[in-house]
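Next, two complexes with chain A in common: one pairs it with chain B, the other with chain C.
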Partner chain A sequence: MAIKRLFIANRGEIALRIVRAAQALNVETVVAVSDADRDSAAARMADRIVVLGPASATKSYLDPRLVVHAAKESGCDGLHPGYGFLSERAILPRLCKEHGVAFVGPEADVIDALGDKLRARAMASAAGVPLVPGSECIASAADARREGDRIGYPVLLKASAGGGGRGMVIAHNGDDAEAGFHKASAEAVAAFGDGTLFMERFVPQARHVEVQLMGDGKGKVIHFGERDCSVQRRYQKLLEEAPCAAMPDHLRAQLHQSAVDLAASVNYRNAGTAEFLYDVQRQEFYFIEVNARIQVEHPVSEMISGFDLVQEQIRIAGGADLALSQDQVKLSGHAIECRINAEDSTRDFMPSPGRITKWKAPTGEGVRLDSHMSEGAMIPPYYDSMVGKLIVHAPTRAEAISKLRDAIDDFVVEGVPTTLPLHRAIIDHPDFIANRIHTRWLEQVFLAEQARTAA
Partner chain B sequence: MFSDALKQLLDEFSRSGVRELHIRKADFELFLSTDSTSGRARSVSLSVPATLTPAVVATPANAPVVAPAPQPAVAAPSALPAGATIVPAPNLGTFYRAPKPGAANYVEVGSKVAAGEELCLIEVMKLFTAVRADESGTVHSVLVEDGAMVEGGQPLFALLRD
Partner chain C sequence: MTNVTDTADGAINDARALLQTLMASDWREVHVRSGGTEIFIARDGGGSNPMREPAPVAPAAPTASPAGAGQAGTGSDTVVTAPHVATVVETLPIGTTVTVGQTVATLRVLDDTETVEAPVAGTITAVSAAVGDLLDFKVPILSIAQNA
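Then we have the complex of A and B:
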């Protein structure tokens, strides 16, 4: 049964993005807001709003019972979780099912399985997807040394329940591995309440590539190509591209197939992303994890494919089959997205909430802005600092860079500092232009150079 | 024009018997107090940038805001003993007394702290900053409720030096 009224359990640009997609499908929209977001762009555009509670996310956007109750009470028959907040908490689809609300995302059991990194690795392995050489569960410091010796240093100790870089330690030798075991285990307990660790070979200069997937839960899975998200700071993506221009075609075809095989092996439903490390020297890719939701950087895949992934999500959640076949997904050109954060990159990326006093966004062919901001809009201090995403599309990577440069130059934002000047400098850097970057490039090379120049 | 309005406001404030009045509107802020020893006025006037405050977030942009009465559980800085050191918030954000929900507070009133010891966390936009004691001493009072939004420079703790 197609969804008639969609509850949007998120805020910011993604809430607005989902409202627009729903409206294009003639689906009514109810946006959940906290007290701080009553006047947001998504709230103004939606048919209705429901105030969940106070500004604090734990008392509003992060309370699954409150969210599902609000969806039910407002007469919604579908719920879109967006990204972040509750989007990958299995309790949300479970509660939705209990209350007869269609969840726009995978089955609860699939979210549970993929959210546990050890189980996800086992599933990938069973589907024939390459894994970075690694260990099973590490039970002791002695275990850590033995496994490190076997895998070959440097190695990475990771929390099984982890994410966002917490509970992660690099070890360069056996002594490091023993000490790292204690540190990572303590961090994992503190951050996730679960100290279970595993170990992987550490690739010092890897690229982060990921495949956009869509399944209908009835066995059909297709992909929308890959993205390269190697420009990162503290494991947070800042700029994303599609396709990964550094990857040869034969490897790209294997990458797509691996991702599709993995998703098909769990009968994956709705949008998801399979993330991989790409070791450019060895010309190998290794599975990292699956993100069981729509991602921040989905627009670059939309730009090169021409499909609206959020509309597709809503249709599939309403029970529709995947209307597309893989042959119909034709990828063309190159797209780049930069995340515009209200942060001062000259002051160690200090978040900067406040009021936007001027907002003049660039326009033009192949230029897209996903943002909930406008002149006079307030950026509250309670949530993350992303205020929008600027996306460009052009026939080649060089042309896309040039288009992005012009778009940033035309972009006027006043009132709060943003990361736009940082992006302008990144895309002017010879390493970025020559595509000689890796996941640590921004911190080790680019920001280090900037710090030296400023000193 | 502006000074006329201000003069009228001052007159009415004096007549009203109200002890404190706090108005914020966009980048304008006014704090009036009949208490000459009030430390709050000083901290506010020193610290508030032309940026948002929590009161602005929660109210229509054009409505003046009168600050709520101080929470009873929170000591007024004006009541501090001589020699107390104020630990201010480094930036705007949410004040957390414990490293994570459910965990024990970093410090309580009466806790002995060493120089460099963590006192609390300030979170803004998912960035947590630990606030540390500059010098060793005893926690005399906690000036803000756990979970409250604080402004940059706002007093958080009063410490008594050893």
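Then we have the complex of A and C:
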């Protein structure tokens, strides 16, 4: 039963992106907003809005009861959670199911299983997916030392319930491991209410690669190639590319197969991403986690494949089979996305909410902008500071870089500082151009150089 | 149990949200002006309060209904609004005399009901929400003329 009216439980560019995808499928749209977002671009474009609560996200976007109530009572038969907020909280699909609203995402049990990193690792291992050498549950500082000695340093202590770098500590020796246990465990308790830790070998110069997946929950899973998201600051992605140009073809084929096998082993439904650490020196990849949602960086996969992943999500949630076979997914060219945040990168990335006084976006063949911003639009201080994503597509990586350079130069934003100048400098850096980067390159090399230049 | 929402509650919610944002950031201070509300929060050593700098303004008139929130009663009545999105189950009728804390409306979110209480003692002068309505946050439910 195809979805007729879709509830969009998110804000910002992704809410607008989902409204557009729904409208392309002739699906009506109801957008959930907080008091601060009544006048957002998604709100203006939707057929209807429902004001959930005050600006505070915990009293609006993060309250699953309010979200599902609003969806049901506004006559929606489907709910898209976007990314962030409640998108990977199993309570949301559970409430949706109880109240007869189709959830645009995986089953609640699958979200639960994948959201627990230890269970996800076990599932990956069972599906034959390579894992970074690591431990089971770490219960004490003594455990941490013993396991660290066994795995070999450096190691990474991570929160089982974690994400976003919280509850994560690097240890270079046994003393580090013991001290790190106390620190990471305390952080994990504070951030997630659960201090359970595990340990992994730390790869100092790794790339972050991830495979875009789509399943129909009926046993069929296909992939849309991989993305390279190695440009990161504090574990947050800044710039993403597709494909991972640093990976040889034979390894790429293994990577795709591993991701598909894992998703098929849980009969995965809807869009998901399997994340891997790619050790370029060893020419090995290791499973990290599955993100059971559409991701911020999905457009680069759309650009190289030509498919609209959000439309596909909505169709599948409405009960449709996957309309595509793997053979029909032809990947071509190279795409790069930069996340444009209203942040001052010269002042330690300080978020800078405010009003956009001038907004002139680049256009052209192979240039795409996913943004909810316009002249006069407000960036409220309550939420993340992303103002949009600039995406380019060209036949080769070098041409994509050149196109992105022109697009950034044509982009005029006034009123708030943005990370556009930072992106411009990143793509001009010889290491980026030569593709000699890794997940800590931005912090260790690029930002360190910038700091030296500024001093 | 849910409290009645008015401009003061809205400002308090805004202040809480801003405080959370400030604490999670590297900012020294935050200053936001939105609608009729202006909020300034600073860490120790943050900037000085810009609202203190201009000549003191006259104290705000004690009107309860926020501009633009929809007038359900006469100007001086206390407007009781939805604390969040919810469906109306029941409201007391016009003319009912109520005491502070008395239940004046019952709302529903999914299968749970919750009550809305009178913030003032007085008489209900208008009921603007019908049973079964899906109310947005801050939408007026009813108005109470406060006892003199």
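Note that the second predicted complex is superposed on the first by the 455 of 455 C-alpha atoms of A that agree within 3 Å, B and C clash if a C-alpha of one lies under 4 Å from a C-alpha of the other, contacts with A are read in each partner's own complex, and residues count from 1 in each chain.
Basically, a residue touches a chain if its C-beta (ideal position, glycine included) is under 8 Å from a C-beta of that chain, and two chains touch if they have at least 3 such contacts.
Keep in mind it's a predicted model, so treat the numbers as computed, not measured.
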Superposed partners chain B and chain C on chain A - clash or fit: clash
Chain B versus chain C as contact partner of A:A206, first or second or both or neither: neither
Partner chain in contact with A:L95 - chain B first, chain C second, else both or neither: second
First, second, both or neither for A:H69, with chain B first and chain C second: second
Partner chain(s) touched by A:M350 [first = chain B, second = chain C, both, neither]: both
Partner chain in contact with A:A190 - chain B first, chain C second, else both or neither: first
Contacts of A:V51 with chain B and chain C, given as first, second, both or neither: second
First, second, both or neither for A:P381, with chain B first and chain C second: both
Stretch of chain C, among 25-33, 61-69 or 115-123, that runs into chain B once the two complexes are superposed: 25-33
Chain B and chain C contact sites that coincide on chain A, given as residue numbers: 35-36, 55-56, 350-351, 381-382
Of all residues in chain C, those that touch chain A in their complex: 10, 13-14, 16-18, 20-21, 25-27, 30, 32, 34, 83-87, 108-110, 112, 134, 136-139
Touching residues (chain side chain B, partner chain A) in the complex: 26, 51-52, 54, 56-58, 61, 91-94, 99-101, 124-127, 147, 149
Touch list for chain A against partner chain C, complex: 34-36, 50-57, 59-60, 63, 65-66, 68-70, 72-74, 95, 99, 348, 350-351, 381-382
Contact footprint of chain B on chain A as seen in their complex: 35-36, 55-56, 58, 190, 342-343, 349-355, 376, 378-385, 416
